[in-house]
C-alpha cells in the first residue's frame, strides 16, 4: 500500500471544495472585485516553497473570485509568475516585459531583472484549470464556455452540478449546450444525481468515444449503487468497446498510411538516384539529414529575425531551401565523384559510403553531436477528431505532402523533356549522347533532383523525428527496402511498397509488439520477394531482362 | 562534307585504326566495307565521338570536330544508327523517337509522317516499350529515330541486319532518295555486297584497321572488293 | 615533463555520439580546470581521447590500447551497458580503473569499475514512490527500449509495484527497438490504457534517439502531463534541448541532478561549462555531474594515496567524500557505488526541469537489487572482510589481491 | 533433374512420336498482343529447317518457348516425341541436348574466348562435377579445332567483351557447336557476316545437319537457298506457308508480307 | 600425382606458392616469435595486445574473403554476411559462456547469468551440447551453413538477383539483429555474451592463449584462402564468373545456376561462421549489433577497397581499413571519419580495382581485362 494513501483523496477534496466555492460565488456574481489588499495578499501568498502550501494559496486566490484571478492563475500555470528577488513583488513576466500581478502596473523589461520563478507542478496546474473552468462557465464567449464545460467533464465533482444547471438554463449556443449537457451528465453520474438522473446520464454519455468518459462509465459500471445504472453503464462500455474495435481498424489504417508516407518520402529520392540512375547511393540518408538541418537553420533564422506571427511559415521557406541545398550537394557529388563511376555501379557503393561518413562528420563538427530542436509550427500541431478517429495534424500534412511530391515527380519524369532525357541517359548513356542529349548535364541534374527530393523529405522528417547527425542512418535501410520491395525503377512501386509496408507494420504492431512486428515485416519482405523476384511493381517483358 | 584524315584509334593497348582517311560528301552515299573485326564500327565511333582518336582529325562542315563531345556533334546534324540497335529498352517507341528532339529547336519537335510510311509497324506500336520489339522492329526503330533528327550526315552501321527483305528494299530506296536530295551526306557500313554496290556513290574497303581500297562507284571492281572480303 | 594520463572513452561518432560527446567535453573541462590549479601530485594531467565509435568490440580494443599503450591511470567513459560489459573483462584483466557515469541497471560490482551514475534504487524506485504517493497513480505503463537496462529496471519495478499491491492488470509493459521512430500505435495504446478510470502514468526507460519522436507523438496526440504523466529515466536537459518542450510541460524525469538546481557549486559549474564550451546555450546534465563527482573523488584519492597507481588509488577511493552539484556531499561506498540525492523534476517550457520533489537525504546506491530473488542474497563490498563484488558471506581475502 | 513429363493427350502424342520437336497449338501473348497464335510445327530427327517471316512474326518468341525462356499460354511443346518442354527449366532443356544461338549475340564478356568455349563444352553439369572437372587433352584439342573453325584462334586469350560484333556472332556459333547438342537452333546466324562468310556458314551447317536436327531463322535469302532445306514461313504467330524455298518464294502472300516486290 | 593433387599444386604458380608460404609463415610463426623473444623495448617487439589486435583484423579479413567468394566471383552481393559471422560468433560465445561455470556473477553453474536473472529455471534446448567444444565447433559451420543453404535455396531458385538479393540479405540480418536483441530469445539480449573465462581449458587472459588464437586465425585464413582459390580456379569458378555477366545464358548452356550459387554461398557462409568463431574469443564479446546491416555493408567496403574478384584483395582491404580505423580513432578521434571517408572516395576514384589493382597495374595484368572506358563510359549497363 502507498505510504500516503489519502493523498489522492485530499486532492480530490480540495478541488471539490474549491470548485464548489468558486462556482457558487461566480454564479452569484460572475466577476466580483475583491478587496485590493486582500487580493494582493492572496497573490503574494502564492510564493510558497512547498507545493501543498501553494495549492492552498491557489485555493484562496480562486475563492476570492476576483476578475483578475484568472490572469494570475494562468501566469502561474504557464510558468510566467515570478518574484522580484529584491523588491519581493510578485510579477508576471510575459513577452519580455514585467507587470505587477496584483495591480497590473507595468514594471519594466524582464531582461536582466533578478527574478525567481514561482513554479507550478502538475497538481497545481490541474487545480488552476479547474478553477479557471469555473470562471469561464459564464464567460461571454461560447468557445470559452465549451472549454470550461470540457474542463468540468475532465474533473467532474458533484458540487459543480448547480452551476452547470444554471449555466445550462442560460445557454443559447447549441455547441456549448451540448458540452454542458455532457458535463452535467458526467457530474450526475459520478454521484451527484438520483438513480434516474444517473441512468439518463449513462444514456447521454454512451455515444462517446472519449477515453475519459469511458473511464467514467467504467467506474459507474463497477461502483454505482444502483444495479440498473451499473448494467446500463456496463452495456454502454461494451458498446463503446465495440465501436472502438471498429474504429481501431480505421485508426490502424491511418497510422499505417502515416508510417508509409514517411517511408515513401524517405524513399522517393532514392527511387531516382538508385531506381532510375542505378547509383547505390549510401549517402541518401545524409541527404535527408541535410534537409532536416536546413529546416533547422531556416527555423533559427525565422526565430532570430522575424516576428513570431510568421514563424509558422518557416516550413514553407524550408522546403525550397532544403531542395536547393541538398540538390546542390547532389550535383557537386555527381560532378566531383559519381560521374567517374558510371558503368562501375558497385564502386558507387564505396564512394557514396565514404561521402556519407564525411557528411555525417561535417554536420557533427558544424552543428554538434547532439539533437537539434525543430518545432512543429502551430498549424502542424495537435490533432483533430474525425468520425471518432484522431488524426494528428503533422501526420496528415505529411501524408498529403508525400503524395504531392510523388505526383509532381512522376509528372515531371513522364511529361517533361528533361524527364525523358533523364530516362534515356540512364538506360543507354552512349546512345543518348549520340542522340544529342548532353549526358553530363543530365546526370548531374538527375542526381541533383534525387538529392533535392531527399532534402525535401528531410524537412518532413524533421517534423516527426529528431534532427541529429545520425538521422540518415535510421532511414537508409528502410528506404532501400521500400524501393526494392516496390520494384526498382518504378515510382508507383515505391508508393505501393511504402504504404503496404507501413500498413502491414501497423496492423502487426498491436498484435505482436513493435519489435516482433518489425521482424515479421522483414520476414514478409523476404518471402514476398520469392514470389516476385523483381518487386511488387515488377515490369515484365524483354525490355527488363538482364 | 565530312573529312576523316589519318586517324588512329586504340582500345587500351590494341591499335585498332591505323591512319584511316575518307571523305563523304553531301548528296552522295559513302559505303564502307570490310570483314568482321577490321575496324568499321570503330571508325564510326570515332566520327561520332564515342571513342577518342589518338591521332588524326575529323572535320565536318568546315569545322574541326575531333575533340567535340558526342552530343554536340549530334546537334551539328550527325545522326547515328548503331550496330546492335541500341534502342532505349524501357522507353516506349514514341519516347524513343522523341529522344531525337534534343537536337531540334523547340518549334520543329514533331515526328514526321514519312517515318511511319517507311516503317508502318512502328505506328501501330507507338506505346509498346522499345525493348519488347522484335529484333527487326528494333532495327527499324533505330533508323527512324535517326531520321527524326533531320540529319545532314547520316551514319549507318549495317542497317539491314535482321530486317526482312521487303523492308530492306524500302530502306534501300529511302537511302538513295536521301542521298539524291543533295543536302545530306550518308556514311554506310555494309557487309552485304550487292546492297552496297547498288547504293554506293563512293566506297572504301577496310582491312586490319586500314583502308585498302577506295574509289567511286564507276571504279568499283567486284572481284577486287570481294577479294578483301574473303578470308 | 611527466604527466598523469587519463583516458576518455566516449563515442564521438555513431549512434551514441549524441549523448557521449558532451561527456568527453565535460571531462576535458574538468582536467583543464585541475591543471589550471596546478595539476595533481605536481604533475599535469593529460587527457587521452579516443573514439570507440559506438562499436562495442572497439570499446574493448580501445580500452586495451589506453591501458597497455598509453598506460593511463584511470579511464572515464562508456554510456551503454553493453559497452561497459565489453570493457569490463579488459579493465579487470589489466587492472585498470573505469569511472562509469550513467544511470544503469545495477546487478554488477566490478573491482575495477566505479559506478558514479544511479543504481535503480537511486532513480526508479523513488520515482515510482512519487507517482504513487504524490500523484495517486494506480496504473502504470512501463515503456522501454528493448535492452538490458529497461528490462532490468522494469523487472525491479514490476516486483516492487506488485509488492505495493498494484494488480497485474494495472501494469502494461511495452518494449520497442532501438531508434524506434513511429510511436503512433504505442501512444494511442497508452491513451487507451489510461482510460480505465484510474490515474495512469508512464514510466519511460526509452533510450536515446527514440525519445524525440515519442514526445512529439505524445504532444500531437494530446496526452498532457496532467492526464497521463510520463516519468523518464533517460531524458535529461541534453535530450530536451532537441525537442520543442512547450507541449511537454509537466512531464517528469527522475535524476540525481538538474541543471536548474539552486546551489552555488552548480552555478559555478555551469558558468565554467559555458566558458569552456564557448556557448552559453549549452546545458548540463546528470551524467556530467557523475563525471564531476567521479573525477573529483579520483583526484582526492590520488592525492591521499600520493600516487596514481591503480591499487593504491582504489583503496583510497572508499569513503572518499566530495561535494556534488546539488549542494550535498556524495560518498564512495565499498560497493563502488555512491550516495546521491534523488530528484523528481517537471519539464518547463524553457527546456529545463523544475524540481518538484526530492529525497530527504542522500540514497546509497545498491549494486544488487532487493527485488530480484537471486540478487537479493548478494552483497558487494570491496573492503575487508568481504572483498568481493558478489558474495553471500565475507571472504576474508586481502583487499586488492 | 525432374522426371520428364509425358504428354497425356493421346492424339498429339501419336503424331509427335518419331519427331524431334513437336509444337502443337502454341500461343503466347504479351499484354493481349498475340506473338504466337496456335502455332504448330513438327521437325523430324536429322532434319534441317529454315524459318523465315516478317519482323515480329514470332520466330524468336518460338525459340524462347522451346528453350524454356517463355512459357506458352497454351499448346504442347514436345521434344523427342515425349518430353514436355513446357515443364522444364532452361538448364534442364539444354541438358536434353537443345542448343541455341541468340539473335543478339550473347557471350560471357568477362571470360576469355577460350573459357567461353570451355564452359560450353559438352560434359557433366552437376555442381560438384563442375567443381572437380579439369580439362583433358582431348577437350583441349576440341576447343582448338573450334577456335580454328570460328577463326578466333588468335584471339583465344582475349576477353570476349573485346570482340567485334561479328566476332561475337562467331564465338556464339562456336559455343553452340561445343555443346554438341542433338538439336540446334540458330537465330539469324549470318547477320553481319560478309557474303563469303555466309557461304561458309551454310556449308558448316549443312555438315552439322548430317547427324543432328537444325532449325535456322534467317532473313538472308541467299543463305536460305544455300542451306537448301524445307522452309517454313511464319506470319503473325502462325504458319503462313511451308515447302521448298522456290515454292514459298512464289507464294503471293509471302511476297506481299515478307519478300516485297 | 592424382588429378586433385595436381589441381592443388597448380592453385598458384611457382612464385605464388612462395609468396603464399612466406606470408603464412611470417604471420603464423614470425609474429609469435617476435612477441615471445624480441626484447620488450626493441622496435621489433610485438606486444601481445598488438598480436590480439592483428588476430581481430585477420578475422575480419577472413570474413571479407568469404564475401568476396560470392560477390567478387559470383556477383552475388550479400549485404547480410555479418549474420553468418555473428552466428558463428554466437556458437562460439555459447561454448565460452558454458565454460564460465560457477565463476559467474550469480554463481550458478547450470545457467548463464542472464538466464538466472530472467528467472529461467533450466537451460533451453538450443543451448544443449554447447558445453562440448566439438559440438560448438560443428555448430560454428553448420548453423551459418544451414541458414545460407535454406536462404540461398529459396532466393536463387526464385531467381532473385542483383539488388533484390542484396536487400533481402540485408533484411535477413536486420531481422536476426532484432530477434537477438529480444531477451526472450535466450542469447543475452543487447548485452550479448561476455566475460568469458577460458577456452578449451586455457585461461582467456593468458598471453599464450591470445597468441594461440591468433595463430589459429592465421592458419584458418591460409586454409580458407586455398579453398577459395581451389573453387575459383575450377571450372565452377568460371561458371560463377560467367553468371556474373549473363546469368540466363549460363542456363542455356545447361549449367545449374542455382547449384553453383548455392554452393558458393554456403561455403562462404561457413567461412564467415569460422571467422566469427575466431573473433569472439579475441574481442571478448558478441552482441546483436554484429548483425546490424551497417556492419555487413562495411564488409563489402573492405572487399571493394582491397579489390573485388581477387582473393588477396579483400584480405588486404580488411587489414587496411580496420588498421586505419584503429589508428585514426586513436590519433584523430574527432575527425577520423573524414579520413576514412576520404580513403573510400580516393580508392574508388583512383584505384578502380582496389588496392590490389594498384599492384596489378604496376606489375602488368595477370588476367586480361576490358579496357576501362576513359572519356565516354561505354555500353548499356544497368547499374544495379
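Think of it as A, B, C, D and E in the order they're written, each chain with its own count starting at 1.
The rule is simple: contacts are C-beta pairs under 8 Å (C-beta built on N, C-alpha and C of every residue); 3 or more make two chains touch, one makes a residue touch a chain.
This is a predicted model, so every value here is computed, not measured.
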Completion exercise
For chain A and chain E, the contact-path distance works out to 1
Practice task
Considering only mean CA positions as chain centres, point out the chain farthest from chain E.
Solution key: B
Handout entry: Nearest-to-centre chain - CA centroid comparison
Key = E
Problem - chain D and chain E, separation of their C-alpha mean positions in angstrom - result: 44
Problem - Centroid spacing, where centroids are CA-atom means, of chain C and chain E in whole angstrom - result: 36
Handout entry: Whole-Å separation of chain centres (CA-atom averages), chain C against chain D
Key = 74
Completion exercise
For the pair chain A and chain B, the C-alpha centroid-to-centroid distance in angstrom is 63
Fill in the blank from the handout: Touching two or more other chains in chain A are residues 360-361, 427-428, 430-431, 433, 473, 515, 518, 541, 545
Problem - Touching two or more other chains - residues of chain E - result: 178, 181-182, 246, 248, 334, 337, 371, 376, 378, 380
Problem - Contacts with 2+ other chains: residues of chain B - result: 11, 49-50, 70, 86, 89, 132
Completion exercise
chain E partner, complex, touching residues on chain D are 67, 69, 89-91, 94-95, 99-100, 102, 106-112, 115-116, 118-120, 125-128, 130-135, 157-159, 161-162, 175, 179
Fill in the blank from the handout: Seen from chain A, its contact residues with chain E in the complex are 274, 277-280, 282, 337, 340-351, 353-358, 360-362, 365, 427-431, 433, 473, 477, 480-481, 484-485, 488, 515-516, 518-519, 522-523, 525-526, 529-531, 533-535, 545-546
Problem - Parts of chain A lying in touch with chain C, wherever the complex brings them together - result: 1-4, 7-8, 11, 51, 78-79, 117, 119, 121-123, 125-126, 129, 154, 211-212, 214-216, 218-219, 222, 244, 251-252, 255, 258-259, 262, 360-361, 364, 368-376, 381-383, 390, 392-395, 463-470, 473-474, 505-506, 509-510, 513-515, 518
Completion exercise
In the complex, the residues of chain C that touch chain E are 12-13, 49-53, 55-58, 60-62, 64-65, 68-69, 81-82, 85-86, 88-90, 93, 107-108, 146-148, 151-152, 177-178, 372-375, 378, 389-390
Exercise for the section: Within their complex, state which residues of chain D touch chain B. Expected result: 30, 33, 53-57, 59-61, 103-104, 151, 162-167, 169-170, 188, 191-197, 219-221, 257-261
